[in-house]
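This is the structure I want to talk about, given as structure tokens.
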Amino acid sequence: MNHSVLALVPALPLLASFLLPLVPGAARRLVGPLTLLAVAFIGLNLWPLVQTEPMVLAVGDFAPPLGITFYADSVSALFVIAVALVTLVLWPWSGSDAGNLDRKQSLTLILAGACGGLAVSGDLFNVYVFYELAAVASFGLAAGARTAAAQIATFRYVVIGSLCSLLALLGITLIYVQTGTVNLAHLAQLAPLKLHNPLGLAAFFMILLGLGVKAELFLVNTWAPDVYATAEARVSGLLAGLVSKLALLAVVRLLVLIFPLPEARDALLLLGMLGILSGEFAAFRARDVKRMLAWSSIAQLGAAFVAFAIPGPAGLAAGLAVALHHLLVKPALFLLADRWGGSLAQITGAARNSPVSAGLFVLFILSMLGVPPLPGFWAKYLLLSGLAAQPEGLWWLAGAIILLTTVVEAVYLFRVIGALYGRDHTVTPKTQSATAVIGSGVFAAVLLAVAFSAPLLALPLNRMAVQMADSAAYIARVLPPVLPGVAP
Amino acid sequence: MTSLDLLLILSGLTTLAGFAFGNHRAYPWLAGIVLTAQIVILASMPLPMAAGFGFEMFGHPVGWQMDGFGRFFALITLGAALASVAYTGGEWGERYAAGGKNLRWLHGALAGNVLAMLLLLASGDLIAFFIGWELTSWAGFLLMAQGGERALRAAMRYVPYAMAGAMAVLGGLVLSLTWTGTLDLSQLVMLVPGLANWKLALLLALFGTGFAIKMGLLPVHLWQTPAYAEAPGAATAFLGAISSRMGLFGFGLLLVKLITLTRLADLSFIDGLFSARDLIEWVAALTIVLPTFTALKQNDARYLLAWHGIGQSGYMLLGLVIGDATGSAGGLLHVFNHATYQAALVLSVFAVMHRTGTADLNSMGGLVTRMPLTFLVMLLGIIGLAGLPPMNGFVSKWLIYRSLMIEGRPLLFLMTVLGTLGTILSVYKLIHNTFLGQLRAEHEQIREAPWSMLVPMLALVALAFVTGVAPGLALNYVNEAQAALGLPVMAHTLGGVESPRGSLDMLWIVGVLFAGFGIGALLFYGAGGRSKRIHQLDNYAGGHFLSADVRYQYSDHFYAGLMHRIGPLYRGSFTQMEAALASANDLLASLMQAWYRQAVPALTLLIATVLGLAWMIWR
Amino acid sequence: MNMIELLTELAVMPLIAFTIGLFMVLMMRKIAAKIQRRVGPPLLQPLYDIVKLYAKKTQNSHGLVHDIGIIMAVGGYIAAETMLPVPGMNGIAAKSGLLALAYVIMIPSLGLALGVGQCANPNGSIGIARALTAMLAYDVPFVIIIFGASWFYGSNNLIDIVAHQQAGGIATWGAAKMPVLAIAALFSMYAMLGKQPFEIYVAPAEIATGPMVEMGGKYLGGLFVMQCFQLFTASAIYVTMFLGGGENWPFFLVKLFAIIAIPMSMAFVFPRYRTEDVLAVVWRWPVLLGLAGVWLVMH
Amino acid sequence: MKLSPTSNLSASLEFLLQEISGLRSQWKSPRRLRVDLQAETLPALIELLKGRAGFVHLSAISCVDWPAQNEFELVYHLWSYEVKVLVMAHIRIPRDPGIYLSIYDLYRPAAFFERDIHEMFGLFFEGSPDMGKFILTEWDGPPPMRKEFDGEAWVMNQFDWQDYQPGWLKDIEAKGGGITTRPEDVRRDKPKPWDEQS
Amino acid sequence: MSTLKNIPVVSHEKPSGGTGNLLANVFDELMAFCRSRSLFMLHYCTGCGAIELPPAMTSRFDMERLGIQPMVTPRQADILLVTGYVSTKTLKRIILTYEQMNSPKYVIGICSCTVNGGMYWQSYATAKKLNDYLPVDMYIAGCMPRPEAVIHGLRELMENIKKGESDNWRDYYRRYDHYLGNQQRLFGENWQTPTDIIGEARHYDLMGPETLGPHTALLEQHQTPLKPFEMTLGLADLPVRKDEPR
């Protein structure tokens, strides 16, 4: 399986999304799942290959610094698989009418394609293009709920999204002007000379804000609670769980390859801490389950930012653990919140008539709180031990904040559990829908599998982190030995 | 498959069985047999016994290992669980299930608690310790939340405390990992004392907060009373007897093994005047006195006993922290003693509730003629709780007093005795308002508690009496725990302590006491003439003709005189502190939420970018 | 100290204590009479009272716990007497120290409290509530004094304490060595006897002698016996701790009666403190004196 | 008679009393005024005195039983701190219905006086808060202070006596002395002084 | 009209004389001596005569030298001093207090009002003869006898007790019906006291021929004697009838 298959990862879903309306009759419904399965199959084949040697594809055989290059190491392979499978689980099986369903399915396919592209793209501009594609798809999906509230929330999301995209573009042009290239490997090579100065950092900050919108970075995440609360649970699960991780991955690529500077790390750390604080405490007062989950996802992503800010492979391992754990837990919670959304009073005593989903809800909450046997604990342990290894000051403050906010998190999450298992005869809570239970069941199964095989997964996680942290290998793998414009 | 694995697997199976068919009639018998088997295995287990299974996480081995200190606590846990299961199995359980509550969850939660505690007590390294710690607090939460509406509210109040404690311990774990590079307890014991003072202080603060919350030491004790009082019958007995002692297990590990008492004394706040060890001793002393005098004012028997549970834990910690042979033996023995009579007292209160339907001290009275055996259990229980001779409570308190005398700590000695006197006052109010005084008309027909409830109660009280008369039996295990902790071991005889400077021989004291009672009875029945039993209304009332419709009983505001003097001291300052914390939390939350409701996102974005760039450029 | 000798001592010591107690009660009533310029009771009046009470033909009991209460009241003190060394007889003082004795003394009052509880008479319950509050009051200084004494003598064993004091005659008496503690001990013993100013729990007019409201015949007789034991025990503890214990019987008796005479002579001119004032007085002066004494002893 | 500072006040009292028709007043002493009036006009008098002359103190209501005229005589003793005069208002009420109205609304203490009179004489006061048993809780016989109730006869019927002939009394009697009246001149059969009254 | 003299005092306990059981004889002598030397007087002022008791107790006359102490509750007392006129209301309380006292107990009627009505002989509200309602051991006449008289009366009583003659308290149990009759005549049919005299008589086997009679039958009708609560071990697990309320 040669490296040209990488191109299929973004290409297949995009192709399928446009061909979808042409496919006649019942087969149309199967187009989406099939393409996703294909992408998953590619990812699975890719995974063993990239363990030792990351795969590079120069599209159209243009020499790397010029054309578009796709680079896939073990992390991006994992994310490709994750994109395919999670989109499959959160696939829109039913719609109000045929036309609506077509639109939803094609948009979801575009989103999947864009995310796949983000995972494997090797140059800055390509990242920007796929990011914009994902943004547009998410605008469409978010507005899909057809309610007034959804429209307003999406409009605010569009405003912030587009403004930040301009910032990102400005940042990329700055970098291009400075270095003359957009290829990540080439940039990594030139960065120490050209970009490690205030101008470079400014560019990085602008790109950070740009990409930060989707990754719910603190300064630009005001849109998140409204969109997640009003959009369909499936869509919010997809956006909060999957797409935000891909944006985060892009930012981390930049950080690791081009700007491994302390200022950049501090920026990420500070914004991450603010994200945690604002997310957790805002969720403390939330009375609406979906809005509360939105804020808690902001907080979790803040924690991921803090984790990735830690220098060295330890930081990457912690970040990956937190991000992947959030990827598993949040979509499932959003699926459950589909029928159990709205105020807490409405779901009092829901555990009695849908005990399974209530049990799953409790399982996910316990994992998020970091109760030992579940993987949430190992993620939090890695994060905290990584932070503690750093010298005192800001790092330890971040650790303290994480510890304190977990207490707040426990209170508002247990408030929901208390409501579920409370006893109020005047309220008849809605029972769960089949798709929600099955979807969250799959996630729960994966979660428990990871919990029981935690000792076995420790090694591959470390290997991924080491491979990702090694920028020199990245450069060597992508670029030919001698390059114009670079003093030997 | 070592015997420790067998132990853990057995309790794991009981938990599953509990959740699966806890409401089945056969379950209590099964659980009882398994628990007794576990006790036998544990008692006969050669120490230290490493567990078979374990795994390695991120380069640190995670395994379980039982030593003398863990075994002492594990034996008490299994014993308390046995008594609770036996109590729940009988008629109490039927009525609990008939009342619409889920007996399976109760049995499952109870067995789950035992499993979690065994995991905690047998932990070989900090990660295993943390796993056991978290599971214990969440299993405890599950057990507390079974009792219905008020119990759920009390359990919800426990959640932030439990989580804060867990996070403090996790913080300590991570810090000790970074400083010493290892998580294995045996290595930590060598490395931790070597750390700098400020590091030890930080470790003490973090681990100490976590263990203090679980034990209910003074500033963080408010959650324990409603949570333990509102839990259903046998669950309260189990929680009251052993659950909060896991905090003491942590303290024992932390203070004596890791930081060692000598290093503890070096961590001084005001240049050598007031060391951390004094601080812990005084927190323990205040925890003895203040909850005891709060118990004095309670009008609900369950709350009174729950407050005493907090008070007595002060004795254990004080004994442990004094650290000399008699003091630590007293502290550890008090864990066992308190478990026996606290469980018996709580079970007797619930037996009374089973019959009269209430635990309110002002709506009972005169039940001694209707429930004599329950009265006997409560009587021996309160003698134990108050720490008076024939019962075992006296021995452990005597040891603590003796060590305070030898160490020369007059004020601490004064506080401990003040606690004992307060306990005597409040337990007399408990037994007087429940069993003595005028019997109410509606209680004339009630019967003695059923045998299924009486047997565990009587067994517990008999155990307390036997270990009171012959404390040597319990002191063997205490010596084992002292050795495991590295404390000086106290030489003891069967009757008590033999030392030239002041010995205690309970065999003789109790023997003489009962000889005295015998002579008293001889004098009373022999010398005195016949006496006739008279009705409660045939009573002196200043010439007034008593009739049943006028309630001729003194129970409300029982210590009016005392309350005139110390009444104003009850200002509820701890509750206000907790409320202030909660409102600060709400304020911060509303501020943060305001950030997300901002009207013009673009403006904030602009400001943010400008600030970011400025920061980036001029750093 | 073989077993038979020990058993005889266990039987004889309470008897001696009772007879001395009888004459102490007599002395108390004689002092009261002399203060009120009265003749006062004949020599054996306390004995007549007790015999008459035990000879009562009809008695009322409110239940088994009522009977057990009186048995514990008398039996508890019988046991406590055996722990108090008297000239020539040490009983089981070696087996239990000062601290255990302080607790064994509490058993009779708690047994009585249980018995009075079953009398189902609010006067009795109010009396017991006040008696327990008074016990809380006077036991705090008493315990401080025990701490100071056992710290000074270095031992909790009464026999050692007596030997330590008798080593150098009056110079090594507790009172000589620890004057402040001795005064504080006198004050707290005074409160412990429950005579006039500290007698709120037996307020005859207000709560009809509190705990003794339903006690007649042998029940009241038991309480009179307990009063004799109480007087003897209080003074014997004081003498053992501060006045060099019993070198020989005459000295011991003189010291015993002298110590009891002090509070008795002051008691009958006082009205009666309210419960909270008992707490205030006893927690102020004796406790401060006691703590000062302990500080002196320790430094 | 020296004009005491209050003399004009008592003069004004005279003037005041003229307002009640059928009222005869008679000064018993400078501070005691006896007033005889119709039963119906009593409340008017009391309100007049209380309102305009400061008679705020009702010291007692006493009742006299006239079996001959078959009437009860009620005397209301009123005192004023300003006028410093005690007014004794006498009214007569027929015995057989024996009902009069209560002045509880004017003077609170009247309730007890009326209750006592009701218990002792059987005179019922309408409007009085409590006409129940007052002191004689064990007594369920006729109102004992009415003249027609012969206490002594009731006692003779209810109780019996010690037949007490101690030796020492006999020889004193033998010697003709003896401070006590001899049993034969029993006081019982002497006519009672109040019978002959007109 | 029964006279004071012929109050039949049946004291079958008269020592049977002879050397039969010398020890028992000595023991009874000792008991009687102690009873006489230690009398507890109930602190209950029923009437005006009580004002004479304080001087009898305090410095001038000092009853304590006779071994007499004032006691507050009837349970502790031996002598009930009925001082002054006995109104019907007070008589009810006197009878209740008398029955609450532990025997051997003695009643002393001080002042002439208790003897024959005194100056209130005409009053409908006072009881005239105390010994109709209670067995009286000693009368001390006088319209308030002086303390010397009271003490003399008490010494008389002590002598009687020492000689063992003062056993009137048995009379209350033996002729309870007579006393109850008089009480019912004064207080009406449904007169009852909380103390179960008949039960006590049976318990201490003090039943006499006249204990039960028409009046006690009347009492039985309307009064269910207060049964004391026996310490029952009503164990729930014994076979219980189905309809038993759980």
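Per-chain numbering from 1; labels A, B, C, D and E assigned in written order.
To be clear about the criterion, a contact is a pair of C-beta atoms (placed from the backbone, for glycine too) under 8 Å apart; a residue touches a chain by one contact, two chains touch by 3 or more.
Predicted, not measured: the structure shown is a model, and the values here were computed from it.
Any chain bridging chain C and chain D, meaning touching each of them, is among E; the list is complete. Greatest Cα centroid separation from chain D: this falls to A.
Nearest to the overall CA centre, using the mean of each chain's CA atoms, is chain B. When chain centres are defined as mean Cα coordinates, A lies farthest from chain E.
Among the pairs B-E and B-C, the greater number of C-beta contacts is found at B-C. Centroids built from CA atoms put chain E at 36 Å from chain C. Between the Cα centres of chain A and chain C there is a gap of 80 Å. For the pair chain D and chain E, the distance between mean C-alpha positions equals 41 Å. Counting only residues that touch two or more partner chains, chain E has 73, 75, 92, 200, 204, 228-229, 231.
Looking at chain A, no residue sits in touch with two or more other chains.
Looking at chain D, one finds that none of its residues touch two or more other chains. Every pair of chains meeting the touch criterion is listed here: A-B, B-C, B-E, C-E, D-E.
Within the complex formed with chain B, the residues of chain A that make contact are 156, 159-160, 163-164, 167, 198, 201-202, 204-206, 209, 219-220, 222-223, 225, 263, 267, 277-279, 281-282, 284-286, 295, 366, 369-373, 377-378, 380-382, 384-385, 387-389, 399-400, 403-404, 406-408, 410-411, 414-415, 418, 421-423, 454-455, 458, 462. Put simply, chain C touches chain E in their complex at residues 29, 33, 36-42, 45, 47-49, 51-52, 55-60, 63-64, 204-205, 208-209, 212-217, 220. Every residue of chain C that touches chain B in the complex is listed here, in rising order: 10, 14, 54-63, 65, 67, 70-80, 82-83, 92, 94-100, 103-104, 106-107, 110, 113-114, 117-123, 125-126, 128-130, 132-133, 135-136, 139-140, 143-144, 147-148, 150-151, 154-157, 160, 200, 208, 213-214, 217-219, 221-222, 225, 274-276, 278-280, 291, 294-295, 298. Within the complex formed with chain C, the residues of chain E that make contact are 30-31, 33-35, 37-38, 40, 43, 58-59, 62, 64-65, 67, 69, 71-73, 75-76, 78, 101-104, 200, 204, 228-229, 231.
Those residues of chain E lying in contact with chain B across their complex are 44, 73-75, 92-93, 96-97, 100, 193-196, 199-200, 203-204, 226-237, 245.
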